[in-house]
Each structure stands twice: as structure tokens, then as C-alpha cells.
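These notes open a run of structures that come right after.
Look at the two complexes coming up: subunit A is in both, with subunit B in one and subunit C in the other.
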Partner chain A sequence: MSALMTLLAPILGGFVYGFERVLRARMQRRQGPPMLQPFYDMFKLMEKRTIIIHALHVVLGVLHFFLLWVTVGAIFFGWNLLYVIFLHLFSLIVLVMAGYSVRSVYSHLGANRELLAMVAYEPVLLLVAVGFFLQSGSFEITAILQDSSHLMQMPLLFIALLMIIPIKVKKSPFDVVEAHQEIVGGVEVEYSGIFYEFLYMARFLEYLFIYSFVFLFGGDSSILGGFLVLIVFFLINLVDNATARVRTADMMKIVYFGAISISVINLVWMVI
Partner chain B sequence: MELIALLILLPLIAALFILFSHSNILQYLVTSTVFLVSSLSIHLFAFPIPSITFVFSSSLETILVIFDVLLLLFFMYQGHLFRHRLVFGLALLQLLLYLLVEANLGSGDGFSLLMDRLSVMMSLIINVVGGIIVIYAIAYMKDEMISPFKKRLFIAYLLIFLSVMNMIVMANSLLLFFFLFEMTTLASYLLIAFRNDELSRTNALRALWMNQIGGVVILMGTLLAVTQFDTVYFDVLMSHSGGYLLFAIALFSMAALVKGAAMPFDGWLLGAMVAPTPVSAMLHSATMVKIAPFMILKFAPVLAGTLLGGVISISGILVFVAAAYTALSKEVFKEILGYSTIALLGLIMSLAAIGTEDSIQLAMVLIVFHALSKALLFLAAGVLEKVHHVKSIEAMKGLVQYAPKSVFFIIFGFMTLTLPPFGLFMGKLFALQAVSENLMHSPWQIIVLLGIIIGGVLLTLLYFKVVSALLSKESDLQVAQSETLLLGFSIPLLLLSVLIILASLWLFKTHSALPMSYLLVPLLLLLVIPLSYRMLEGFDRTTEYHCGEKETFDSALFYFDMSASLVRAMYWVFGLLFVGIALAGVLS
Partner chain C sequence: MSFFKRFRKKSPWILHYNAGSCNGCDIEILATLAPKYDLERFGVINTGNPKQSDIFLVTGPVTYRSRERLVKLYTQMPEPKVVIAVGSCTTTGGVFRGMYNVEDGIDQYIPVDVYVPGCASSPQLIIDGVVKALEILENKNQEIEKPFKLFGGIRQVGTKTSRRDMAKKVEPNRSDDDQS
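Let's look at the complex of A and B:
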């Protein structure tokens, strides 16, 4: 089961992404693309002529996708949560290096912002993991999923997690990393054709990665977990439609003074 | 017993030989010495012999006293020569304290040298990593504009220093420890001032007076040990309890913070970066400053669960965060590495001061991997300085274009400091686990937890910010140059890289409950993907997309400067914490 899920992860993510585009369109009273649009995009991109800047750039981009795939697989296999977070960091750093490896302004700006965003969300992810540890006595995802729901004990950590999800799925108000209108997509800008597809699919995997954290809050009840994911998914898109992008520095302040402080308060409350 | 003597005497003898021999055979002499002492310490590490000890005869003790007084007089002379009142005053204070200690000396017997698990591990790092650095130093000094004798003198200094370091990690007598501590201060002073210009002289003097504060507190602690517990031996002292024991330990720990350049003493380590790169690598990163966590580790069993341990742990972790943040405002590559060293030493001391079995293990693991990775980075920085004449990261923009190999080593070094599957990352992972486990019974450790997390991300930001300058490569339409590294440079760099990988594998296998597949999956990916390089030859190349703008590209590095008032506040906090350690020692 886990092996199958891992193998199909990019496709699964593609469906999530397609569903999200439909949902957002409906929120804006548009018709929107069909659910399978991400896959149509894929076929289109594969037919295009691919031109590259240099080999290192491409290799790093592809490596980013595969590392992210391994990360998501590690979640499905129930590995150690801290290790999963660091694997994710690894894949992100590879993407950042890809962004830095070309002499392109937008790519560099995007990579800078990726790094800063990492500084913002990484502590929250780790603190949430510590919260799970305090609850279930283990960092293993399989163990975390055997406990009853963690939501009652970790409400503030849950809110903190909600605050950083937009960073990872690149949604307003925290979509500075991508910011199409300012920096033409950031790191993605220098990729084309089939290699752009790898980055595109990496984004699906990011969805799976971050929403798995929400799922973990359900504990042993996968129904509650699934329900939480749905609610959060809806909420994030609602917020995306209702807010404007904030500047990077403001994002850092909001995350540090908001999300990280409430996480710490929650943890202190849990240990005392 | 003979093994200890060999570890200490071999480098000394080699140093003597080098001074009076021809430069041609220099590399053979050094390489064989390094090979010998490294194999010795590997042997000791692999086949542990339960506590080897050695007692100094009274004549040796007398010689030690003479050397000590001479050394302090030399410091006073330097203070007088360069009209530096602080250096002079602190040396005088130490001399008085030293005489006071000698006057109160009891008749208690003990071991002068004692080799335990900790010292075996430290000597392994010193001889292997330090040895590799000495070999590198030969190539580094080759085209320095100084006489051949001075070059040999430089190598001899480094070898003598190896011997001093081997002895300091085995020292069980407080007086011997003080003498060797002062010897490392002397080594810092002489080697920072090696180029003998005005900047190096000022920085050397700063290093001297700051480190002398360490000497002063060690002597105060020794005085306390002598008067209260009637002993000058670490093992006897630590078998006592109550009384002023923790106060004495607090004083020694303060010396550790000074040696580890923990804030507010970060100035001296930063200034030390003007020294030739092998010195920075050996003294100010890989080996000498490791005395700081080594001392805390030595006291860890006593510190566990005390107020004093808590205060040291919190100061350490605050140093970790503050130094990582300060490094973000620096421009010179070696200064960035220096601050990252200060930061990681803070982390290691913090973990050591927690004092549980797990955290002690961890601190040791971190010491090993930090020594390996930092040595690699410093040696690579040395190559950049020597061959490509770049020091500042601003000058490193697009370096990969003409120095791909050096850049590879630097990026590899950064990755080993932050990412799985390498050792230092694993250390951080275990640290998070260990601290989380402690949270339930000691909630204050949430500060340590938060520090590890935030300091960690700041360091990641720091390292990869530097990569942004290094890695910006022209399109394949431009032909990149290849780089030929001297063998004297590439062999040490390669050796260190291989050691890091082997040690990571070893650590994963022996120290973690995680299955091996965790490590192998990402490692395999790393190996397989670059093989696809060939497959990319069929694709057309293009130049970058500039949205129609005509401006030339310039990879913009970002810096985070702290306001002057914030910096001042920070130093006040750390100064108070430093004093707070003594206070905590009295209270607990």
C-alpha cells in the first residue's frame, strides 16, 4: 500500500492540484479548467522543444523533484518525522542551488526568497514535530498515527501550521517565493519543456508533503485526519482569494512573532 | 604509557628535525610523522586501554614551574613592549595568582596525565585532522614571501602545537592544564602575529588579553581547589561534592567560554582570521578551540541537573543563535567561517552542559564532525586565497566558472554541515530528539530546543547565501575553465571529504536507531542523478531570460546588519551571562 502510494504520489498530487484549480475557479465564480488540466499540461510540455542554460542547472532541478518524491515516500512509509523534515530541507536546498546556479536575476531573487521562506517555516515544522513527540513519545510517523487525535492537546501548534501552509503551497498572503507578477516565477523561470514539468510536478509533491502534517493531527482516526485536510484545504484557498501578497520581511515577522511564539506557548503548556 | 609518550614526543622530535634539516625532505618528514601519530591514536581509539596514567617526577614538576613563570614573564614583556596595559596587567595578575597557588600547594598525590575515553577521542581528532592540516600547510607556505627557515619554523610550530594539544587533552593536573592552556594562548598569539604587520599585531594582542582572562579564572579555580579540597587533580576534585566545588567548576567553565570565543569574547577569534589559513584551520577551528567543549564535557557529570549546568547550557545556545545571526552581516569568507565556528562551539557546549548520557555522546559526535567539515572548508578557503586571490564573498561571484574544484569542495563542506545524510546533520537530529525527551522533566530546555532550531536555520541560510555567489555559472554557450589543484592541496581536501563520508556511515550504523535505508536512499539519488549529465548533451543551449532588460547580471548578496544599539545590548547580555555563570556556581 505505502509502496503503491509512493509510486503514484506525483499523480495523486496532480489530482489534488487539479481539484484546487477547480475549487478556486468556483470561488471566483469562474468555470475554470477541468480536473485533469495538470496532466494535459504535462503532455503539452513534453512535446515542446526543450532548451537549457547548462547541465548543472537541469540536474539540480531534476534532483529536487526526486528528493521531494523520496520525502513524500518517507511519509507514506511512516519514517521518522524529523528525518522527513530534514529530507525535505535537502530537496529545498537543491532547488535553491539550482536557482543560484544560473546568472539570472529572477532565478536568484526566487532562490533568495526560497531560503528566507525556509527560515520562516522550518522552525514551525520542527516545533510541530516536537509536539507530536510529546504526545506520542516517538518521532516515528507510524507511532504518531496510532495515538488518538492530537488536536485537543496541540491547538496552537495546529494554528501555527495553518499559518505556514500558504508559504509551502505558494498561496497569498505568503506567495512571495513565486510572485509571478514581480519575479516571473522565481526559480522556475529558466526551465523549459520537460524539465519545467519536473518542477511543476515537484509542486504537487509539496502539496502532499505539507498536507500530510495536517493529516497527522487526526491521529489514529483517518476520517478525522481526512476531514481536517479538506477543511484546511478549503480554508487556505479561501484566504488565498481574499488576501493580497505581503512583503518578505513582513512574512518573516508574522511567522516569527505569530506562528513560532504560539507554538512555543503550546509546547510549554504541554510540558508543564 | 609508552603510547602517551610517543603521542607527545614524536611531533616534538619531528619539529626539531625539521628546523635543522633541508627543505627538500620536509614533506616526507611531516607526512611520516603525521601518519605515525594518526595510526597511534586510531589504534588507541579502536583498542581502548582502560585509563593509562602517568605521574610526573618532582624534577619534571619543577621544570614545569620554571616554564610557567617564564611564559607569564614573556607575556608581561610583550605587554610592556607593545605598550598594552591590559596584557601586562593580566599577566601580572596571573603570575601573582600562580605563586599563591604554588605557596598553598598541599602534598596530595595524583596522576599528572590520565587518558580516558574523552581524551582518546580528542587526540584522534587532533592527530588526524590536525595532521592533514600540517600536510596542507607545506603546500600553502611554498610560495609565501619569507625565508625557507621561517617556512620550516612555521611547520615546526604547527607540529609542536600538535604535541601540546595531545598533552592538554590528557592533562589531569590543574597546574599542567593551566600551563598547556597558556601554551595554546601563546600559540595563538605567535601564529596570529606571524605576518608581523600592524593589523596582525593588534589582533594578536587582542587574542592575548582575552585568552589571559581564561588563564586568570583557571588559576582562581585552582586556588579554590587547593585551599578547599587540597588537591590539584581533576579526578580527585570531581570526586568531591558540595562546598565550593561548583564554584571552581564554574570558573573553569568560564575559561572554556573564553577559549571557545563565545560572545562577548568573539572578537579574538575573528581577529585570528588574519593569520595564515592553516593556522585558522588548525587552531581557530578544527582543534584548539575544541578545548572549550572538551572542558565542559570533562565537567559534564558534575554539571548534570545543576543550576550551573543550566546557565552554561543557555549561554551556549544563545551564542549559537547570536553568532549565526552576526555571521549574516559579514563579508569576508574566513570571518563567516569563524562566526559559524563560534556558533557551533556554543551549540556543542550547550549540549555538553546538559550532562545526560545522550547529550554527552552527541556533543562528542558534533565535535568530530565539526572538526572534519570546518577543516575542509578552511582548507578550501585557503586555496581560494592563495591560488585565486579572493577573500571576500563579494569577490567570489561566479567563482565556479574558473575554480570548479574548489567550489565543489566548499559546497560539499556546507552540505556536510547542514544536510542529511552527513554526520553534523545527524548530530542535530539526535540533539532535537534528546532535548525533546528531556523536556518533560526539565521544561527550561525548551530554550535549548528553540535555540537549536532557529540557530540551525540561520546557519543554513548563511551557508547557502554564500553559495549564491559561488555557484552562478555562465550558460554552457560560454566555455568554462578547468582548474588544476596542486596535489598538496587536493590530497588533504579529498582525504577530509572521504573521512566525512566514512565517519557519517559509521555514525549512522552505530549510533542511531534509524534503519540504513534512510541513509542509502538519498545517497543513491545523489550518485545516480549526476550520471545523467551525459544525457543532457542532446538538448540545445540558450542564454538566460532577462525579461528584455539590458542590465548585466550581478548576483546580489544580502546581508543582515544589526543596529549598533542592538549589538551593544547583545554584548551586555552576554557579558552579564558570563558573570552569571560565576554567580550560578556560588549559588548551586
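Let's look at the complex of A and C:
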């Protein structure tokens, strides 16, 4: 079952992304693209002529996608949560290296911002993992999913996780990393054709990665987990449509003073 | 390959460039992409990145300042691609035709597939033009398309085709009249 889920992870993520585009359009009273639009985009990119800057650049981009795929697979197989977080960090470091390896200014700016965003959200992810450890005595995802719901014991950690989801899925209060109107997509600016497709699919996998953290809060009841994911998905899109982009420095301040401090308070409360 | 061909017209990504327009047509293009006319229901995204787009939407008569970028953006777009000239100025030069600082339409520089008239052209006309362009896009192939002027040539580097110098820079010292 988990092997099948891992194999189909990009397709599953594509459906999530397509559904999100429809949902966002309906929130703006538009009709929106069809649900299968991400797959149409992918098939179209397959037979576009490809422009390559240099070989290492595209290899790093493809490697980013496959490392993310391994990360999502590790979640589905129920590995150690710390492994998952560090594998994800590794995949993003590869992307940042790809961003610095070309001479485009937008690519460099995107890589800078990607690094800053990583510095912002990575502590929160680790603190959430520590919270799960205090709760269930293990970092293994299978062990975390055997306990009853963690929401009652770690509500502030849940709010902290909610604050960093927009950074990860590149949604509006914290979408400086991508910022299409400003730096034309950041790191992905020099990719084209079939190699851009890998980065496009990597975005789907990021959705699965971050929303599976929300799912973990449900504990042994997968109905509660799925319900939480749906609520959070709706909320994130609502916030995306209602807010403007903040600057990188402000994003760091909000995440450091808001998210990290409340998660530390929650952890101290759990230990006491 | 023929299996993927049918998806071209389902996800056209747009690159929009203002070659010295008065912003009238640009506002109409933005209105076309906004909720009322909602061009995204055809899968259209305004990417702003030439390397990932299929349709080149150009507005404005080509001014001397903008022609270099126009050709550069055109050569950076991977094939298959189509060019739409939006507005009277872009198709013929419009009210600026014959003036000393404009080039009387973009078809002096790059091959154009669809001409959309109007000053400023309305959102309905632009949607019509985009849908027409999708039919043309479906019948194109991966052959490299060349601009008419400022074309620097394509080099072979080993087994790879290099389009690095495909767009020539305008030489500053030469008089602008004998450009062709």
C-alpha cells in the first residue's frame, strides 16, 4: 500500500494542486481551469524544445525532485520523522546550489530567499517533531500514528505549523521565495521544457510533505487527520486570497517571534 | 509525440511584453486575465518568463529603445511558439506610423501569427485572438524560428545547438536608418 502510494505520489500531488487552483478560482468568483490542468501542463512541457544553461544546473534540478520524492516516500513508509526533515533539507540545499550555479540575477535572488525561508521554517518543523517525541516517546511516524490525537496536548505547536505552511507551499503572506511578479519565480527561472517539469512536479510533492505533518496531528484516527488537512487546506487558500506579500525580513520576524516562541512555550508546558 | 501534441492548446502560457505601448492594450490584457473574463479557464497563465511560455503577446509600436529586448525575448522562447500582436500600433504602427522613433509594427522584426486590431483592443477580441493562436500552435513543430532583423545566427557547439548569440545587439554608433 505505502509502496503504491509512493509510486503515485506525483500524480496524487497533481490532483491536490489542480483542486487548489479550482478552489482559488471559485473563491475569486471565477470558473477556473479544469481539475486535470497540472497534467495538461506537464504533457505540454514534455514536447517543448528544451534550453539548457549547463549540465550541472539541470542535474541538480532533477536531483531535487527525486530527493523530495524519497522524502515523501519515507513519510508514507513511516520512517523516523527526523530523517524525513533532514532529507527534505538536503533536497532544498540541492535546489539552492542549482540557483547559485547560473549567472541569472533572479536565480541568485531566489536562492538567497530560499535559504532565508529555510532558516525561518526549519526550527519550527524540528520543534514540532520534538513535540511528537515528547508525546509518543518516539520519532517513528508509525509510533506517532498509534497514539490518540495530539491536538489537545500541542495546540500552540499546531498554530506554529499553520504559520509556516504558507512559506512551504508558497502562498501569499509568505511567498517571497517565488514572487512571480517580482523575481519571476526565483530559482526556477532558468529551467525550461522537460526540466522545468521536474521542478513543477517537485512543487506537488512539497504539498504532500507539509500537509502530512498536519495529518500526523490526527494520531490514530485518520478521519480526524483528514478533516484537519481539509480545514487547513481551505484556510491556507483563504488567507492566500485575502493577504498581500510581506518582505523577507518581516517574514523572518513574524516566524521567529510568533511561531518559534509559541512552540517553545508549548514544549515547556508539555515537559512540566 | 503525437499523443502530447493535443495538450498544447490546453495549457498555453503567456509572455506579455510592452514594446512602447501607451498602456491601453496592457490594461485590457490584464482585464482579460482578471476574474470577469477569466482567461485561466483555458489553462492560460501569465508566466512572465520567456523560457517557459508558448504565446508571446506584444503591445505597442516597436520603439527604437525596445526592439533589442523584443528580439531577445523572442529568441529566448522555446519552440513551438506563436506571436500575437495586440492593438493597432502593434499590427501597423497605428497613429504613430511613419514617425521617426517607431518601427511600424512588430512584423518588421519578428514573424507574427495573429493580428488583433483595435485601439485599444477589447478583452473579447484578445480572447478571440488567443483562441485563434491556439489553432496555429497545434500545427507548429519544434523547428527554430528566426527573427527578420537583428538575427545573430545559430551556432553548433559539439552536438548542441547554441542560441546564445541569436539576438544581435543594436550597435550604438551606427545610424538607425540603415539597420536592415
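Remarks
As a convention for this text, the second predicted complex is superposed on the first by the 272 of 272 C-alpha atoms of A that agree within 3 Å, B and C clash if a C-alpha of one lies under 4 Å from a C-alpha of the other, contacts with A are read in each partner's own complex, and residues count from 1 in each chain.
The criterion applied here is as follows: contacts are C-beta pairs under 8 Å (C-beta built on N, C-alpha and C of every residue); 3 or more make two chains touch, one makes a residue touch a chain.
As the structure is a prediction and not an experimental result, all values here were calculated from the model.
Judged by the touch definition given at the top, the superposed model places A:Thr50 against both subunit B and subunit C. Looking at the shared chain after the overlay, A:Ile75 reaches neither subunit B nor subunit C.
When subunit A is checked against subunit B and against subunit C, the one touching more of its residues turns out to be B. Contact with subunit C, but none with subunit B, is seen for A:Tyr191 once the two complexes are overlaid on the shared chain. In the superposition on chain A, contact is made by A:Arg30 with subunit C only, not with subunit B. Of the two partner chains placed by the overlay, only subunit C lies in contact with A:Asp41; subunit B stays clear of it. In the superposition on chain A, contact of A:Ile164 is made with neither subunit B nor subunit C. Under the contact criterion defined above, the residues of subunit A that touch both subunit B in one complex and subunit C in the other are 49-52, 184, 189-190.
Interface residues of subunit C, counted against subunit A in their complex, comprise 1, 3-5, 7-8, 10-11, 13, 35, 38, 40-43, 47-49, 51-52, 54, 76, 78-80, 142, 144, 160, 163. Contacts from subunit A toward subunit B in the complex involve residues 49-59, 62-63, 66-67, 70, 74, 79-80, 82-83, 86-87, 89-90, 93, 96-97, 100-108, 111-112, 115-116, 118-119, 122-123, 126-127, 130, 133-134, 139, 184, 189-190, 264, 267-268, 271-272. Contact residues of subunit B toward subunit A in the complex are 398, 400, 411, 415, 418-420, 425, 429, 432-433, 436, 439-440, 443, 446, 449-450, 453-454, 457-458, 460-461, 464-465, 467-468, 471-476, 514, 518, 521-522, 525-526, 529-530, 532-533, 536, 539-547, 549, 551, 553, 555-556, 558. Here subunit A touches subunit C in the complex through residues 21, 25, 28-34, 37, 40-41, 43-44, 46-52, 180-181, 184-185, 189-193, 196, going by the rule given at the top.
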